[in-house]
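Just passing along the structure, written as structure tokens.
Each chain carries a letter (A, B and C) given by its place in the written order, and its residues are counted from 1.
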Amino acid sequence: MLLAPIIWIFAVAIVVVFAAKLWWFPPAISEHGRSYDDQFFITMVVTGVIFFLAQVALGYVIFRFRDRGRRANYTEGNNRLEMLWTAAAAILFIGAVLISTSLWAGVHFAPTSANALKIELMAQQFSWNFRYPGADGKFGRLDIKQINSAGGNPFGIDEKDPAGKDDITSSAIRVPAGRQILLAMRSRDVIHNFFVRELRVKQDIVPGMEIPLRFTAETPGAYEVACSELCGLGHHQMRSTLEVMPPAEFDKWLQAQAQALQAQQQQQ
Amino acid sequence: MASHATPHVHHPPSGFIRKYIFSTDHKVIGKQYWWLALFSVFVGMALSVLMRFHMAYPDAKVSWFEKLWPTGAEGGVMTPELYLSLMTMHGTIMVFFVLTTAPQAGFGNSFLPIQIGAEDMAFPVLNMLSFWTTLVALIVMCAAFFVEGGAPISGWTAYPPLSGVGEVAGPGLGKGQNLWILSIAIFCGASLMGAINFIATIIDLRAPGMSLMRMPLTCWAWFVTAILSLFGFAVLLAAGILLLLDRTAGSSFFLPAGLVVNDRLLDHRGGSPLLWQHLFWFFGHPEVYIAILPGMGLASNVLSIFARKPIFGYRAMVYAIVGIGFLGFVVWGHHMFISGMSPYTAVAFSVLTMAIGVPSAIKTFNWVGTLWGAQIRFTSPMMYALGFVSLFVTGGISGIFLGQPALDLYLHDTYFVVGHFHMIMGVAAIFGMFAGTSFWFPKMFGKMMNETLNKVHFYLTFIGVYAIFTPMHFIGVAGNPRRYADFKDFEFMKDLMPVHTFMTHAAIFTAVVQVLFFINIFWSMRKGRKATDNPWEATSLEWSVPSPPPFDNFGGKHPRVYHGPYEFAVPGKAKDYQMQHEPD
Amino acid sequence: MPGSLSTEQIQYTPPPPPDGGGDWGDRPGGGARRRASFTALFVLLAAVTMLFAAFTSALVVRRGLGGDWERVPMPGILYWNTLLILASSAWIDIARRALHRGARGSFNRFWTIGTVLGVAFLVGQGIAWSQLRDAGIYMAVNPGSDFFYVFTVAHAAHVLGGIAALAYIEVQALRLRLGPGRRTGVEITSYYWHFLGGLWVYLMILFHFWG
């Protein structure tokens, strides 16, 4: 029956395309990313086998048990078989998720390391704003009434707070390689989502909440940040860059930013 | 003299209005729902073709776009706001007015009473009201297209604050969003009415001998689906009321304080956007099982009939339906792994989510088991049911990735998710509806559909939907975000554009193929071969009455049931099937 | 003739359950409609419970969110209203039992009293809302007031439906259409009404402890 070969062809094609990785993840740039890829691979193998066998079996029964004018087998089932494949499914599915729990824990339950770099993120329709604490290591207080995107104060840093004078804001995020980053994320209007493919990390940013995201990027390079929660008209244009730099270069960059900020403030 | 007081003695209605418009006959009401779904799927499909066109050709100038949407498509180019509004309405119309109507209220109304041996549903007037309420909901929903600002752009999930702050955050979020919420609230009322009817009918109106474990699996599916509807829509109604109050009465259930939209400080107090998500998905997850369970029940039914063999493991199938229904209420958090809710809660939800894969797997094994040792008759309903199994496997498998929060860290809000739910809802459930239509068409309209045309439609559609939705999984793995009006801004998207073009062409092809099915429906209603009582040699009660049935289903007789619903190939019998109502 | 068996009565025996076991579906003599009505009521009450459960969970979440929660000062009339709705339930139930006994006159009297008390409850709710409004506590003043109005208005909407049912039964009763053999509507309406009374008590407790 024609349906059987069609199902088989699809089953083979899908498995082949997945295995050939024609469209695939970009290379991971962190330890977590590599663990992610391992877990994905395990899941892919398990599901791939189940998928392939199920489709092949379906095609097989379609092919083999065509109506040949006889009576079918009068059977109402087989309890032993039911128990067997139920148990197998339960073990496989629940096993998969239990294995993945440590990966999840690594992102959400991991402690913040002592020398983590804290960066703040304020997401808005439709751009990203990042803030570094500056030389004093402290973030200035925020006052929403002082938010003024056009005037260069997207965070609403309180003018009256001296700790905020040296805060460096940027629309792209730069981090030193190999150092844990604690990204403290806020949104000022609607739900956004911070996503960098190469980090294998994604997190909704909910207004009214401050949500921490920890990651450690290892491979220098520039990676695209894509908003991943519908936030309005410009959702598809809410792009930024995560630039991972060797630590020395990062320090140089940060210093340069601080100097530029000082110069700007002296001019005013 | 002992009189048989039947539940409701109603005489055949007279007059066009009572017969076809304001009818209390469940068969008419079922058809009315079916037509409503047919209209809605046409609209929903048109919207999806427009969406896919824009994905592949975002800068294309199409002159009639401008005629239809002067502001949304100035110069004939679809704007992001227009795209997002089409997307929102596509999802809403498909989920509510197609997948929640035809499988349950459409086929269920038409055939539940007959399959259990009743003359009608328990409350025929309530039944009529539920249809007309649904129609009002559809009209209100479509009205959102025509108001100032147009249809909402916040997706079918309508997450606040985006859906709650009003037009300051974009067009369509004013009147359009209000109409959307109103329509959904009305729809909730209609669903609750339907749920009451279905549950009371199944519990109290079964004919003598029709025990629960002798009901066709379609009835079990409609039963559990009605229970899911009952609890799910009650919660959605609550959520909708609170959102509407946030938008119109100045409350702050979902809107936190300190929102600055377009540099304007809004004066809300501290509400919780996550609260909406919890309430919505508490409904939303059972909703997707509402969409698929009737199709599963029907697939079991059709597979057994055309395999000429009892369903493999009837009892297990019942437990699986009940298990899916129950578990469906405790897994909603898997839509929220990345939402900012507690990571511990996420782990709990993910274990339960994996658990729900087990009864689904049982059903799949049992379908294949039914076919083992069968004598398969490849009628068009059977083809659609077989297609359903294949598509359900493909769609369900990707759920194993998404049910792990760790993997969701990347896959959330990518096309991987879009591929997953389209395979299950947008394809498998739709194939369930194709199967239901082709299977029950003779009983509903007294004519046979053209088998050849249906088979051509089946093959082309089967290939078409695999072509549209499988690539979505690949580009999702590559990180393609969803709900993007276009992909021009991102470097990594450049390599994926050929896939989008391919999917668009597949979508247009598949949409055109659906014309065959529409033609078959309309042509067969008039010119189809006249149907006998039991053209498929099936066993359940609807096949013991003429096609179409008399107004009171059993012509004044009271059926008595002696057998289960899948007595095929019983050894020692002359026929290879044993009807439920025949003693032996 | 009373007291003697007719031929049909001697010959009538209910048919045995079909082999294979299983429940009776529609038993001869009807009764399916009555049973279905009770099933329907149960299902409806489940849905209403779910609606208020959803509102309750929203309240609990919102309350836990932050310091801007303020108790709504409950107008004293609410306690009177509680008595009114409970008294109304009591009379309705007394009426129901009277009908079961066949005492149609008593039924009419008690049902009327119950209905009037029910309407009085609704009027009392209206007074409570206007008192709050006069005290400056509107819908959007603070989260506590938001929820107070949501709960009381939702409850009142269901009470309105209940009063419509009570009134319908009242009309049927006055036309002497009801009796021990035609009491399903009375019972359904009574139980729905009692449920609303119980729901109100729950709401009062909710406001008291978490309001």
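FYI, contacts are C-beta pairs under 8 Å (C-beta built on N, C-alpha and C of every residue); 3 or more make two chains touch, one makes a residue touch a chain.
A quick note: this is a predicted structure, and the numbers were derived from the prediction, not measured.
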### Summary
Most central chain, judged by mean Cα position vs. mean of all protein Cα atoms, is B
### Query
Quick one: which chain's Cα centre is the longest way from chain A's?
C
### Query
Between chain A and chain C, what is the gap in Å from one C-alpha centre to the other?
50
### Message
Rounded to a whole Å, what is the gap between the Cα centroids of chain A and chain B?
### Response
30
## Note on the structure
Expected list for chain B, residues touching two or more other chains, is 257, 270-272
### Query
Can you name the residues of chain A that touch chain B in the complex?
1-3, 6-7, 10, 14, 17-18, 22-26, 36, 39-40, 43-44, 46-47, 50-51, 54-55, 57-58, 61-62, 65-79, 81-82, 85-86, 89-90, 93-94, 96-98, 100-101, 103-105, 107-109, 124-125, 144-145, 147-150, 156, 188-191, 193, 195, 197, 200-209, 211, 224, 226-237, 239
### Query
Inside the complex, what are the residues of chain B that reach chain C?
1-8, 116-118, 122-123, 192, 195-197, 199-201, 203-214, 230-231, 233-235, 237-239, 241-242, 245, 249-253, 257, 269-272, 275, 278-279, 282, 558, 560-564
### Message
If we count contacts the way the header does, which residues on chain C are in touch with chain B in the complex?
### Response
8, 12, 15, 17-30, 32-33, 35-37, 39-40, 43-44, 46-48, 50-51, 53-55, 57-58, 61-62, 65-66, 68, 139-140, 142-143, 146, 150, 154
#### Entry: Complex contact set, residues of chain B against chain A
80-81, 84, 153-155, 159, 161-162, 165, 169-171, 256-263, 265, 270-274, 307-310, 312-316, 338-340, 343, 346-347, 350-351, 353-355, 357-358, 361-362, 364-366, 368-369, 371-378, 383, 386-387, 389-390, 393-394, 397-398, 400-401, 403-410, 412-414, 459, 462-463, 466, 470-471, 474-475, 477-479, 481, 483-487, 489-492, 495-496, 499, 568-571, 576
